[in-house]
Amino acid sequence: MSDPAITPELVKKHNLTPEEFARAVDILGREPNYTELGIFSVMWSEHCSYKNTRPVLKGFPTKSPKILVGAGEENAGVIDIGDGLAIAFKIESHNHPSAVEPFQGAATGVGGIIRDIFTMGARPVCALNSLRFGELKSAEVRHLFSGVVEGIAHYGNCFGIPTVGGEVYFDDCYAGNPLVNAFCLGVLRHEQIARGAAKGIGNPVFYVGPATGRDGLAGAAFASQDLTDESSEQQRGAVQVGDPFMEKLVMEAVLELLATDAVTGIQDMGAAGLTCSTCETAARAGTGIEIELDKVPQRAPGMSSYEIMLSESQERMLVIVKKGREAEVQRIFDKWDLPWSEVGAVTDTGRMVVRHHGVVVADIPASKLTDDAPLYHRESKEPAYLQVVRAFTIDQIPTLSNPTENLKSLLSWPSIASKNWVYRQYDHMVRDGSVVCPGSDAAVVRIKGDSLPMLPADSTKNNDAVPEKFIAMSVDCNATYVYLDPYEGGKIAVAEAARNLACSGATPLGSTDNLNFGNPHNPELFYQLKESVRGVAEGCTVFNAPVTGGNVSLYNQNPQGAVDPTPTVAMVGLIEKAEHITTQWFKDEGDAIILLGDLVDAGDQLQGLGGSAYLKVVHGMKTGTPPKCDLQKEKQVHEAILALIYSGDVKSAHDCSEGGLAVAVAESCISGYPARNTPRLIGASLDLSAFDKARLDAILFGEAQGRIVLSVAQVNAVKVVERAKLLGVSATIIGSVGGTDLTIKAGGQDLKWALSEMHDGWWNSIARAMK
Amino acid sequence: MNFAVLQFPGSNCDQDCVHVLKNVLGQSAKLVWHKDTSLGEVDAVLVPGGFSYGDYLRTGSIARFSPVMQAVQQFAANGGHVLGICNGFQILCEAGLLPGALVRNRSLQFRCEQVYLKTVTKNSPFTNQVADGKLMRVPIAHGEGCYFADEETLAKMNANGQVLWQYCDVNGNLTDDANPNGSLQNIAGVCNEAKNVAGLMPHPERASEAILGGDDGKAIFESLIHALQNKGAAKAA
Amino acid sequence: MKAKIIITPKKAVLDPQGQTVERALAHMGYQGVGKVHVGKYLEIEVEGDKATLEKQLDEACHKFLSNPVIEDYKLEIVD
Amino acid sequence: MKAKIIITPKKAVLDPQGQTVERALAHMGYQGVGKVHVGKYLEIEVEGDKATLEKQLDEACHKFLSNPVIEDYKLEIVD
């Protein structure tokens, strides 16, 4: 079969503009052939080149003395956690593949991010996921939701990584466009950082992992398009299937190999497979690379060079080995029974040269593909709908009529309800490090000796004790806020993540973000992107959580419209001592309950109800200006809770987010879960009658930022409040722990909820919807 | 004591077992590769959890044919102590070292959560140190942990005291609700007739340190260590 | 009557189960064994008009018993 | 040649998959649908003397491809 002729139509089909094509011709000094066209197309897709977002991403803070590998340098960032140890982490999306085939799409998303982490030389130790779907009343949505969760479970459980946390939201805007973002964190010693550079002229290039098939052909380009019925049709037959068992073997082999010092560079074959890994490693090292496709293991007969170069078959790695050390490499791959092949060598030409059946099928300057990708400053325009949103006033909704029912509805609303239906399907305890499992504000994982990659057999460090470390992490984004006010929403995503860390006793180390947006050619959608990134960047700066990397997923839209702008933020922090690890549920009868922060933000006309869950669930409205996020004030609250935790007085801490104070307190009453079917329910009585400057619905369900509910022994209550005030944070004793009900005195009413009833709705509503 | 912890391709609780044996219980433990044909000088064998060979086809079905399992068969036949956890339990059943089989959870979903376990008899090398009447809180994490054996086998096992652990509620009742996977008779773990080989679906190695939420599971390892010490003492005498 | 449905992974799609079983069989020394594919088998007791059943079950296979994105199926109704 | 192997759960063994499919079919309004059993299907490309293969594969089915405690199998070799 001969290659098709390069026509303008074919160029268009490859998502290259006429100008981009002209640029390719200019780089080559001739017209590209079919394989080269495919290579330009994937490398210059948004997914690989960030051509629409690079100027925007420049706003992120990316530096700190702790950062060992920074954003954009390698597959994932690396941060120092002391004692010669470091962590590598990153988040990545698999939205489009999951829309087409939820199980495999999500599974391979997990596989991809795990590979990014061990490619850095780190041993992956835990995972998180951030998911968004339409409303569960639709059978199609339920199919996507259950498939995605099962896919994540399948891959993570089999690989043997604990999935320790995440978030799930349901909103109609995601109906045809689920968002599936997967995060992975790994651990390594400083000297174990591996690089994705093809160094050393003449060094052999190895391929390891399963044979290449026609899987996910041009997946990167596909991820850079709007979803249409046609595109999901096209994808069929090319769906990538994940093999977590294979990935586990590849990971063990790679870590064993990296300990030998025989490797000069390594990169996984993710999006754009062999293409991306070869040209990027060469470009990073300023070298060239030559490969021979006949040597690439192939699953299907008669694959063309185009297909082999663009295949996205999973679990494959490219390894550049020191010349003369080939035998060692082969021994390790054979030990793990892995398919491998020596496919090429590093050259000094600066070119990526690909041969197939004795013919050169591609010959392109490597760095031009990566560094000379097009760059666009897209037009942005404030969306018209924001005018409507800002015009919303609080008197457009009636005052509260049935607060008792309203709290129950909020607790059983799937976006607020317990996500146990999800995380009970994930092994969240494997590796003996899960100190705080899913169900509290942030997950906490213990790092110990066997969390680290192996050392060379003769290393003197083999006998050194590894000090235990505790890493906390959380992934957050309230996209409704971002939709209603992109800038404030961006700040809040970061603030919430940092607040979750603070509540668990951790100080931020860094963050990674996943920007899920619509088509960037639409100026209103681009405005959302630009403004929310500005907010995220400011937040990360204030909380000392520089961005070490991330992922952009655009074109999350279908003919019905774009998803809400969703800049998901995953933040990672360090907990100094085991005693500081704090969970969200109340502990003992009689303890005092304290609110840190203001009950209502006096500056907010909407009293925290703009964009709130209450507005959505009770009044069916998604409007209003969301609560403001004063980053400095927020930071003071985090510092205060940490100081209080360090003093040893705090028994529980839980941040207020969706559903406001009432939901936060209710969750502290019902979220303890020692064992199957055995929740630990503990009551609370609040007296909020002193607050008379706000509506009752705002007092209960307003979502003012910068608030934390904590509990302390009664004898310490006054001391703790005074301490908080000294730290510049308002603090109020609002009630006490105990009993079999939650009671709240507020707005002249005595409200009461039976714990078992609240628990049932909150714990079971997702399971019931999925029956 | 010297423990061998088997390592199959796809094992993923192997390090956890070594960690608990060494760092929590102060024993010596080494990993033994699936291609090895000999176990070396060991007092007991642990077959850890994970997804050996991806658990493709059937859980544990491929692992049982690996060279090291031939050595384990021999070791067990000579009276050596073998404990299988989760995937290890599945492997031992497939290998015929334990009666019955483990099939897909009734819910068809993977389940990871803490459960309560009732110890049926203290009269085994795997349960002798469990405090009287103590319910252990230990996590499970499996998709195929529903225990099955035909009626005749079950009757025999019950008569011989081979059912070691059952899923129960917080009050020790063997309710259907407390059964996380549909196991017959709420069975969580069993031993062979000679009582030197046992397996269970829950993960005691994840319940051996207070920082991980509790250390009830330690009693199982302590029982085994106690039995091995007695055995050593008997030999010496 | 019985409906017998065989669901197999599409040829172009990776079949890690099949590959693993293939390797295991080779390892165990079985001779003359080539590619292995692992799929699902459904047996459904049915009653009624065969043609109607055929049409109905074909739809069920396509819509929900198999995953047309990665699997093929074969339906047969026997007495 | 091809070996086709059908593996089904023994009657005494819980078959939650079969039950789920059964309920789903009823739920979707399919008429005349009774009990459902879900098993496995293996297709193996083989070469050699049919009788020898039959004997070998029968052994493989018994020892490895199925678990006689919980499953039954049916083996067929076709050209």
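Per-chain numbering from 1; labels A, B, C and D assigned in written order.
Basically, a residue touches a chain if its C-beta (ideal position, glycine included) is under 8 Å from a C-beta of that chain, and two chains touch if they have at least 3 such contacts.
In this text the structure is predicted, and so the values were computed from the model without any measurement.
Between chain A and chain C, the least number of touching-chain steps is 1. The centroid of the Cα atoms in chain B and the matching centroid in chain D are 29 Å apart.
Remark: chain A and chain B have CA centroids separated by 36 Å (rounded to whole angstrom).
Distance from the chain C centre to the chain D centre is 10 Å, each centre being the mean of its Cα atoms. Our note on geometry: chain A versus chain D, Cα centroid distance of 41 Å, whole angstroms. Contact of a single residue of chain B with at least two other chains is seen at positions 53-54, 56-57, 62, 65. Chain contacts: chain A has residues 243, 245-246, 337 touching two or more partner chains. For chain D, the set of residues touching two or more other chains reads 40, 64-65. By the document's touch criterion, interfaces exist between A-B, A-C, B-C, B-D, C-D. Chain contact summary for the complex, chain B toward chain D: residues 57-58, 61-62, 65, 93-94, 100-101, 103-108, 146, 148-151, 182. Chain D meets chain C in the complex at residues 6-8, 21, 24-25, 28, 30-48, 53, 56-57, 60, 64-65.
Every residue of chain C that touches chain B in the complex is listed here, in rising order: 16-17, 20-21, 24, 27-28, 38.
Interface residues of chain C facing chain A in the complex, by the touch rule stated above, are 9-10, 12-16, 19-20, 23, 67-70.
Residues 150, 153, 157-160, 243-246, 248-249, 336-337, 423-432, 434-435, 437, 446, 448-450, 578, 673-678 of chain A are the ones that touch chain B when the two sit in their complex.
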